[in-house]
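Both of the next two complexes hold subunit A, though its partner changes from subunit B to subunit C.
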Partner chain A sequence: MIARSLAGIHPRPRGRETSLLLLAAVALLTGWLSLATTQAGRLSAGDPGLLVIYLAAAGVIHVLFVITGRRTDQVLFPAVVLLGGISLLFMARLPPSLVTQDAGPAGVLTLAPLQLVWLLLSLSIIAGLAIVVRNDTWLRNYKYSWAAAGVTLLLLVFLFGDEVNGVRLMLRVGPIVGQPSELLKVILVVFLAGYLAENRALLAGTSLRVGPLDLPPLAYLLPMLAMWGIALAVVVVQRDLGAALLFFAVFLGLLYVATQRTSFVALGLLLAAVGSVFLYAVEPTVQVRVAIWLDPFAQALGSGFQIVRGLYAFGRGGLVGTGLGAGLPSPDGTLAVPALHTDYVFAGLAEELGAAGAIALIGLYLVIAERGLRIAARGADDFRALLAAGLTLVLVLQAALIMAGDLKLVPLTGVTLPFVAYGGSSLLGSGICVGLLMALSDAGVEAPAPPQALTRGERWRARGRGVAGRVERAVR
Partner chain B sequence: MNRGAAPLVQRGLARLAVAVVLCYAAVALGLGYWQGLQAQALTNDPGNPLVAALRDGPRGRILDARGTVLAQDATVGGVRVRRYPLLAAEPVVGYWSPTLGSAGLEHTYDADLSGLAGTSPVDELLRKFGASSATPLDVVTSLDMRLQADAVKLLGKQKGAIVALDPTTGRVLALASTPSFDPDQVVAPGTGPAYMASLSAPGNASPLLDRATQGLYTPGSVFKMVTAVAGIGSGAITGATTYRDQPGEERSGFVVDGFKVVDGHHDFTGTTALDFVQATEVSCNIYFAHVGLATGAAALRGWARRLGFEAPIPFDLPTATSQVTSGGGPLDGFVDDVELANAAYGQGTTAVTPLQMALVAATIANGGTLMRPTLLDALRSPGGTVVQQTTPRVWQEVLSSAQDAVLREAMTGAVESAWGRPFAGSAAIPGVQTAGKTGTAQLGGSGEPHAWFIGFAPAAAPRIAVAVIIEQGGHGGEVAAPLGGQLMGDWLRLAP
Partner chain C sequence: MSAFEILVWILRLGFLGLLYLFLAVLARGLLRDLRGATARTTRAAGVLVVMAAPAGAPPVGATMALETITTIGRDADNVVVLDDAFASTHHARLTFRGRVWYLEDLGSTNGTRLNGRPVEGVVAVGFGDEIAVGETRFRLEPASA
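Right, the complex of A and B next:
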């Protein structure tokens, strides 16, 4: 089997990716020099071990891309490498004891090494998906199974989830702890892409007039209502406002792309407004969130503490920033802004890199948005286009949501800044998104011919497909 | 499936791209707002932990308008401590302690005193490259320590406050609150916490509270000048307005919804229906109850707001919010006409700060124009370069000077006229036409009333406006007015 796979491989140079990666490496090494110099008080390279490992891994993956010779996008990977590198720099700059994990024989890992491990895993997932995935039937044909898996995941969290700070997000399986909503995002996009690609002609073409609103027929409204219900459930069950907002925004975005009917979006926004009012009425946490969003300084030492401290960080940074390592995240051992490595990583970076650096960061996400939507526009069919658009939206809307939250433009929600915030689940989820996007960007490879005989592995896969197929038929 | 009916995905994607770009543009604008426009304000905010982080560095001095040192660094046994040479400057100057935090001007201007605020954007930029370290700035206040010490001495052992300001500029000349505290003992290493605990012990008279800016008191008759501003300003009354029934009501009482407003302290006016000036001279409650009802609840509150009520006064120190009514009632916040009539002569649920009442006096003194009150004159670098200079700013145009003239006449009459002299004559400065209004705020129960005085001098071209309160001191005319007159006279001699 390996021999057969290798036979089809023709190395292909990826010049653009090479030069962009070199650029990212230079930027990151300069950043490391700046950080180490600030920390040592004299010109110093410090101990660049973590960054060297990271860059080496990125280099290896690049070589793998070249050797396997797929015609995938050459900009996404360098953009992600730069984002992840910035994350690594910032984690190396924060107090190491912020997060620690006993890694058995490797000893106790601290913040930056842990983040490096997650980053390497994330890059590996990107590489794996970008190289291996050549065909999308496993995503396309089993959308209801994916949806069922998603709902199951949600149920598992509801039943077995751990509550942290009043938010039920964590699912523990043995030693592994994760946030299933990160995986749920991807599953959701796969389902939506499948559903909308199949039904978009009907959704766009027929209508039911109710007053000024040009509504879709009732049967097709159900998925929208279901989505609305899921989003609400996510808030009520997990108390995770951010994920709910993101789910619904991605859904509306895809619905618009598929149907291009403003009335659907208007209806969706109306539903969102009704849902928000409902949640505001029943959930005290939502009321607090809104109150501290409107005037955090009224509760500067209470519930508004984090937002106020975040704003101080932005103010301190000014236009050009204090310089890496010269900001003041921990004047007296405690973090100046709580959750500086997760929810407020953007504020921390904006303090040290200034508005200039923060805008560059925004630029990187815009690059991802541009590449992702371009891949979508070139998609061979509706499913691939919608899938690519959805994966892109998950990444860039999430980034916009948390950046706007840090800046007090919208109420603060606990979504992560993709590839920059600390956290394994988020890095893995984002890695899947980018990996699939890269795989989708390769329009040159046809689906492989059906295999002649089933190997043992393939027999298992066929059996799995049998189960999934039954689910699909039952739902239809 | 009819594929032909579906629009091109590409067109939807293009619009989606626009939406994404707009989202990110909003984020970029947010960055510009906080990191550009608001950066300095955020960095100087006393709550900012960055300010505290610079606590080991040297701090600038706090000076009065003539250069007298109110706070400066000193080195004792190799340790840098803060020294406060003049006790009379408290609680305005406040204190600054690395362990107990800061208060007063030390708190407000912490960023400038510690040098965090920087002297210019270029300086800020240079500092990032290590070319320039923090430059602590000197804070020059508008206080004149001669007048400030005078005010503290006049208050003596009584509980109370005196605010004096220049009505034409809004510069605060004195801001006294007694009893006060010894900042040197607060910042003393080791014994500071115990001293602080003793200050806030129950039974102690809250020496840490700045009564001048944060004490809320029932105003009594000094509030009649607010009612007058509202009545004249809204056109509800003129200087010639009289109430025909008023002389009779002096004997029978003025019945509002069953509640009886009474006077009884100016029998000598007999059957004369008082006009506005005369009513002010004798401080006629019944007349001002009529004015309040004629003006109406909404207008009374509206004009009070123009004078600074119902919101914290923008000032160099934290201020309490003065109120005409505690609110909540159906009649524009008032419970009924009874509360409105009572509020009009300063009882009811009205509560004011001495600073607020000084601003009322200053507005009338300044031809109806309220200047924004300030304590900061300038920020200066150690070399003496002025980094920031306060310029007088109009805060509210409350009344036209024509409208204001009759209020000035009334307040002058209250001190100088034959009818007024028995009540506020003790404020008169020999040889100078003085204007004023006394207040005796009944507190209910058996306690002594608060004694109030507001005034300005010289009446024709005022150079100083004051508010004086002595907590439970007795009659305003006997207790507060002499202090106000004395202080204003001293100022006219000090600054001829």
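Right, the complex of A and C next:
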């Protein structure tokens, strides 16, 4: 088995990736030099151990890509490496005691080393998926199982989740604390891609006419209403506005991609508007969020403190920023902006790298968007196209939501900036997205077998697939 | 301005400059890709590679670009014309709908097989699948560069 799969491997040079990675490495090393020099007050490289480990890991993964010789996208990985590197630079600049984790024999890890660990895990996930995944049947055929797993995960958080700052997001399993919504978004995309790919033709048909709207048969609208309900439930029970908004936006985006019907989007926006008014009426959290978005200065020392400080950070940054390490100091360990390493990482980077740096960051996310949508456009069939489009939407919409939130363009929602914000769950979830995108970008991926009657052996194996198979049959 | 300040400025602007260099290199490649993509839009969505042909026409290993509706058979009005005594005049049809190739048998005498199994009705064909018409066998492949 192993010998056979090794026989099919032919190394293939990836020149574009090599040069982009080298460029990213040079940029990051320059950034490190700039940071260390500013901090030391003289020309200094500081202790570049973290960055060197990170770049070495990226190099090793690149070599693995070359050796295994798959024709995957050559731009996504360098772009992600650069984003992660910027994150590492910024975490190394923040007070190390911000986050600490007892790592047993390795001692107590502080902010930057922890982020390095998560970044390395994330890059390994990308590498693993991009090299190993050659077949998408396990995603395609088990969409209802994935949906069931997602709902279970959601229920677990509802029941056993820990509340942090009044938001119930975290799930604790032994010593590991995770944010399941990061995993949930990937599962959601897999389910939606599977569902829409199967029912695309039916959804695009018209049988109901409500005023100016042409609607598909009512039964096929049910998942849409269910999605709306789940989004509302997420807000009410978890008070997690960001995840709810992201889920619904990705859902609408995919629905449009699949059917090209603006009436769906209009209907979805209408539902979202109704839901928002309802939530505003019943949820005090939402009222506060909207109030401090409209006028943070009314509560400048209270609930609007974070937004006000964030806006000042953008202002201090100006055009080219204060320089890495020269932003507003945090003398006694308190940050200039609360949650500077997570929700407000964009404001922090904009302060030290300026508008120029912030726009470069947006540019990097645009690159990811372009690559992802290109992979989607080249997808061999509906499922792959929708999956790639959905994964791209998740990454990019999330980045847009939090960047716009930091800039006070939309009410602040607590989603993370993919690959830049501190946090393990977010890095792993985003890593899965990019890894799958890279796997999908390989034109040589086996196409699914045409639907055929099962042979006896296959039927036996299908029966043996246990729970997953049973769930699929139950739903049908 | 002291020498140190100048140094810090060089490093700061250098970092930003390199970030933009990275983006510029990407943008150049991206534009090249886009131009390539528009040039390729007229290309066929798939090709048939001849795996085996009894009479040697078409030759083994030949690739044939497919049209959106590709008919296969012995008659000269087919898109893919076979010199195969076991093929019917209008034997089978490949159609490209959405993003998927579909294969159907056109009531041929000896039938059409997909991966060795007889085709009944319309079936989806994936890239890499083997289509057998008479004694001629093809493999469907994506039309890569």
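Points to keep in mind about this one:
As a working rule, the second predicted complex is superposed on the first by the 452 of 476 C-alpha atoms of A that agree within 3 Å, B and C clash if a C-alpha of one lies under 4 Å from a C-alpha of the other, contacts with A are read in each partner's own complex, and residues count from 1 in each chain.
Following the convention adopted for this analysis, a residue touches a chain if its C-beta (ideal position, glycine included) is under 8 Å from a C-beta of that chain, and two chains touch if they have at least 3 such contacts.
None of the values given here were measured: they were computed from a predicted structure.
Contacts of A:A380 after superposition on the shared chain: subunit C is touched, whereas subunit B is not.
When both complexes are overlaid on chain A, the residue A:V26 reaches subunit C alone and has no touch with subunit B. In the superposition on chain A, A:L349 contacts neither subunit B nor subunit C.
Of the two partner chains placed by superposition, A:I187 touches none, neither subunit B nor subunit C. By the touch criterion defined above, A:V286 lies against neither subunit B nor subunit C after alignment on the C-alpha atoms of chain A. Of the two partner chains placed by superposition, only subunit B is touched by A:M403; subunit C is not.
In the superposed model, A:Y312 lies in contact with subunit B only, and not with subunit C.
Legend: residue contacts after superposition of the two complexes on their common chain; A:A79 is shown touching subunit C, with no touch to subunit B.
Within the superposed three-chain model, A:R42 lies in touch with subunit C and out of touch with subunit B [touch as defined at top]. Residues 200, 320-321, 323, 354, 370, 379, 382, 385 of subunit A touch subunit B in one complex and subunit C in the other. Residue ranges on subunit A touching subunit B, taken from their complex, read 198, 200-202, 204-205, 253, 256-260, 297, 300-301, 308-309, 311-312, 314-323, 326, 328, 331-332, 336, 350, 354-355, 358-359, 362, 365-366, 369-370, 373, 376-377, 379, 382, 385-386, 389, 393, 396-397, 400, 403-404, 407-409.
Put simply, subunit C touches subunit A in their complex at residues 4, 7-8, 11-16, 18-23, 25-26, 29-30, 33, 98-100, 103, 114-115, 117, 123-129, 142, 144.
Residue ranges of subunit A in contact with subunit C, taken from their complex: 16, 19-20, 23-24, 26-27, 30-31, 33-34, 37-38, 41-43, 75, 78-79, 82, 200, 320-321, 323-324, 353-354, 356-357, 360, 363-364, 367, 370, 374, 379-382, 385, 443, 446-453.
Interface residues of subunit B, counted against subunit A in their complex, comprise 1-7, 9-17, 19-21, 23-24, 26-28, 30-36, 38-43, 45, 47-50, 52-53, 124-125, 128.
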